[in-house]
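The structure is given below, and queries will be raised subsequently.
Chain naming follows the written order as A, B and C, and within any one chain the residues start at number 1.
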Amino acid sequence: MSGTTPNGAPPGASDLPQEMKGRQQSSSKMAYMAVIAVVVIVVIIVLAGWQLGWFKSNSSTPATASCPAPVSLTGAGSTFVFPLMYQWYTTYTGSTVNYESVGSGTGISDISAKTVDFGASDAPLTPAQKTNASGILQMPESAGAVAIIFNLPNVNFAAGKSLNVNGSVLAQIFLGTIMNWNNTPLQTLNPGLTLPIDPISVQHRSDGSGTTYAFTQFLSSASTQWATQVGYSTTVNWPVGTGDKGSSGIAGAVETTQYSIAYVDLNYALNNEIHFAAVENPTGAFILPSVNDTASAIADSKDSTNLPLGTGNWSGVDVENAPGAKDYPIATFTYLMFYQNPYAAYGSSYTLQKAENLVNFLNWTIHAGQSYSEGLYYVTLPSSVVAADVVTLDSMNYNGAAIPQAACG
Amino acid sequence: MAFDRVARRRWKSHLFAGLTLLCVVAALIPLTSIVWTAFDRGAPALSVGFFTQPLPAPCGSAQTHCSYGGVGPYIEGTLVLIALSSLIAIPIGVLIGIYLSEYGRRGIGRVISFFTDVLTGVPSIVVGIFVYTLTLDYILKTGGNPENVYSALSGATALAIIMLPIVARTTEEALRAVPDSVREAALALGIPKHRTTLRIVLTAALPAVLTGALLGVMRVGGEAAPLLFTAFNNPLGYTGVTQPAGALPTMIYNLYQTPYANWQADAWASALVLVLIMVILSVASQIVFTRVRRRISGGQ
Amino acid sequence: MGIAPNVGMNPFPGEDAGVPAGPPPHSPVPQLEATPRRERIGRWFNSIFRLLVTVLGFGILALAALFIIVLAQGAWPSLLKFGPNFLSTSTWDPVHSIFGVVPFVIGTLLTSAIALLIAVPVSLGVAIFLTEQSPTWLSGPLGLVVQLLAAVPSVVYGFWGFIVLVPYMRLSVEPGLQGSVGKVPGLGGVFGGTPVGTDILTSSVILAIMIIPTISSVCRDSLLAVPRHQREAALSLGATKWETTNFAVLRYASSGIIGAIILGLGRALGETMAVTMTIGNADVIPKSLFSQGQTIASLIANEFTSAGPGSIYQGAIIEAALVLFAITILVNVIARLLVGRVLRVEGGS
């Protein structure tokens, strides 16, 4: 809200006369009066609001605010986001950033223990974790998709075609109830293919991972048996299969294991040109994942226009199974976590200058930083999500006072 | 008959000699394979720029030109961490080894020796969590800034804790291998026990003590897991004892997990560099050792 | 010390190792001849030194105690919730918060045992070759090369294991074992299942490779410390080289060999990264050598960084670390008894 009002008001006012002119000529005088009245009222409200500090957080947003002297910021967490983060902090000159890719859970631990300035996690905070770290904010800073990869020797696909799968069949494969490639439900989805009789070798992540979170969330919504027996989390109790550490472990296992199937983040699959399956979306279309289709899927998903506040509960946010005809169904956010009021969280040793450095860097990642996503095969945040992030950043304060923001670096 | 038995015994002896040779060959196969794999996969990264340039941007299949580099600061960080942890662990470890062998051969000394063995079985990641927890507790109790929990010093402490039991136990074994007659002879000459221990027993066992110290150094030089929680990361390598520090193993671990070809090559090449550092450390310590030894015997 | 040129490897400066080295040359005895004052200072230093090493020695106990306290503190939520059931439950389900450590205890013991079975004979062989068989010019460099295996970071062992060893095990070793030893009645179960390469056996092999340098270099130093007259006596009685090694040398060095094996065992029990990459990480009780499994150390490496702070889940992982500590104590007791007995029997026969 506060981010758009001051800029939004003048255009809104200038639109009005055109609309009015299109109506009856006779009442034009009244219309002009009304317009002037509206403009006057809006100006008064804006000025009064300015005076009362309504727009305090964005009154400092304009680039007129000067950049603070750079300080060193530390962050820790997600290994998935590390390459993008690296690109960000080596490009950004406003602060020196030191990021350690230790894993999402440790990122959450670290930000809860206040040993870092920001944490990064591929899964949102659970309500318990939120209570544990009072005053914490979270915002999506990038997004990803989960690709289904497989190794089917001697099966030839037509150009632009791949193996077709859907949530229900995937759930049965990962539950161990579909054990062979030519099992009926799987064969039915692939009428043109002769699938082998060989047993399916299921591979999954062994380490806790946001990819597992998104994939099991997808399976849970597709299969009630999965939802009740296994559920979704960053690590689950897998009914069948071999666990491999990291995306590199998964990719390597599928590459060398015939008749295997696994899930991996799209980023990894695209960068290594690994062949992936087409997944059925709610409209019944089989979609091969791409970075752009994932971005549009997130923009289309019903939760993306209804995102919680930075202080809110994100654990129920579901951007999967978007309704668009071309939307890829297994999408997910990755998050940055930081404190709304660094002064209150870290104490007086946390200077305003450092807080400015932090908010400027975070702001940069969701604006200029997004332009680096596509080249590295990360999903660029849709504008609705960026807008929600801006609200979150604007809500930050330093011991009650707004933190001046500036576009630095 | 007797001749037959002798022949059989001799034959058995030869067979046995052959078997031991086979063991050496078996032990060398994996090493060869590892070095070859690292060389093969790291080859694109091996150039002057690898040591002088900063870590390049990740290079995905979308990019056409990939560059390599970034190992320089991490070599520095690793060397400093090894040096700091050795400074802590080797003297203390050797002294504990002396206690176990010379002063604590029975009773509580056996118990301590036993727990030293137990400590070698603690996973390195747990040592990292342990040091992190204690440091954070200490900082919180003294009202310090929690962000100071990550430092080269706490990384070195974690490594030292991993190294300590290895050094202590190998020292103990090395000293125990010195025959008691040596100690008795020295004591009979009226040399005090501490001098006997330090000047005679320890000197005699020094080569084996050095083996233990090197085993410890090699073990911790390749550790990534404990450093994730303690030394953290630092793209500049080492910038001070109280600052976070970067190290080669964590760099290898981080880069290998990413999907980018240039970073993966960097990881393999760094592994090669790390092994090379260990070789240099071993050989250098050996040279220093023989020189010191020669000077001692030169006075004879 | 393996790295030494052979001359430097004899721990005794004198050529005849059987005769004590005598006081080093720079501390001539007369200098120490007691004046009362000197004697007093000497005694004073003596007690100071004794106190110093004793205090440091007790530091090990303090360290072990501190470990237990810190781990127990972290494990508290889980200790409270599950109590002794943690030790008898074989389900590990983070989603439904059901945690039991049985599969990992079995995985840990199994992999370490197999690793020792492979590594101990090979390491002894290496040590014996270096000290008893090899020409002197070769043993120094060769010792260095074997020790280099200890210099390879465990992360690299993991990557190498995953891309080189795992496919090799899956395609050659495991089908081979299944087709030969697996056919022996009664052993079919042990070698049962589809060989996938990432399993108990592969991770045991990689553990064995990792502990060979530790065991072999400590063993070699023990063998080197065996006085030469020990060998000469056996040879002069007409013993062959093998008999000399077996009866005179190994027996004499048995304490050092046990120490070496226990050092290797410690490393095997606690190794994380290399195991994680090769064991298949299934939270179930392995049914055969070709089953996927999980050790306590690999469990911690896999899941600690994803478990949120202060949760039951994190508590359970830390409690698993505590269980590993207990296992290490237990296994060390058993190993000392067992290895001691084996060596005594072998030496005495």
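We adopt the following convention: a residue touches a chain if its C-beta (ideal position, glycine included) is under 8 Å from a C-beta of that chain, and two chains touch if they have at least 3 such contacts.
What you see is a predicted model, and the numbers here were worked out from it, not measured in a lab.
Asks: Which chain has its C-alpha centre farthest away from the C-alpha centre of chain B?
Replies: Using the mean of the C-alpha atoms as each chain's centre, the farthest one from chain B is A.
Asks: Closest chain to the protein CA centroid?
Replies: So the chain sitting closest to the middle is B.
Asks: Where's the contact count highest, between which chains?
Replies: Among the chain pairs, B-C has the highest number of C-beta contacts.
Asks: Per the centroid of Cα atoms for each chain, what is the distance between chain B and chain C, given in Å?
Replies: The answer is 15 Å.
Asks: CA centre of chain A versus CA centre of chain C: separation in Å?
Replies: 45
Asks: Round to the nearest whole Å and give the separation of the Cα centres of chain A and chain B.
Replies: 42
Asks: Multi-chain contacts in chain C: which residues touch at least two other chains?
Replies: Counting only residues that touch two or more other chains, chain C contributes 163, 301, 304-305.
Asks: Would you mind listing the residues of chain B that make contact with two or more other chains?
Replies: Within chain B, residues 228, 256 contact more than one other chain.
Asks: Using the touch definition from the top, which residues of chain A touch two or more other chains?
Replies: 102, 106, 113
Asks: Mind pulling up the chain C residues that touch chain A in the complex?
Replies: 91-96, 158, 162-163, 166-167, 170, 194, 196-198, 276-277, 280-283, 292, 294, 298, 301-311, 314
Asks: What residues of chain B sit close enough to touch chain A in their complex?
Replies: 54-55, 57-58, 60-63, 136, 145-147, 149-150, 228-229, 232-235, 244, 250, 254, 256-261, 263-264
Asks: Flag every residue of chain C that touches chain B in the complex, lowest number first.
Replies: Residue positions touching the partner: 1-5, 8-9, 11-13, 20-27, 29, 32-34, 42-43, 45-46, 49-50, 52-54, 56-61, 63-64, 66-67, 70-71, 73-74, 121-126, 128-130, 132-133, 142, 144-157, 159-160, 163-165, 209, 212-214, 216-218, 221-222, 224-227, 240-243, 245, 253, 255-256, 259-260, 262-263, 265-267, 269-273, 296-297, 300-301, 304-305, 318, 321, 324-325, 328-329, 331-333, 336.
Asks: Help me check something: in the complex, which residues belonging to chain B touch chain C?
Replies: By the definition above, chain B touches chain C via 9-10, 12-13, 16-17, 19-24, 26-28, 30-31, 33-34, 37-38, 92, 95-96, 98-100, 102-104, 108-109, 111-112, 114-126, 129-130, 133-134, 161, 164-166, 168-170, 172-174, 176-179, 181-182, 185-186, 189-195, 197-200, 203-208, 210-212, 214-215, 218-219, 221-225, 228, 248-249, 252-253, 256, 267-268, 271, 274-275, 278-279, 282-283, 285-286, 289-290, 293, 296-297, 299-300.
Asks: Provide the residue numbers of chain A that touch chain B in the complex, in ascending order.
Replies: Per the stated touch rule, the residues are 74, 76, 79, 82-83, 86-87, 90, 98-102, 106, 113-117, 246-248, 251, 267-268, 270-273, 346-347, 349, 375-377.
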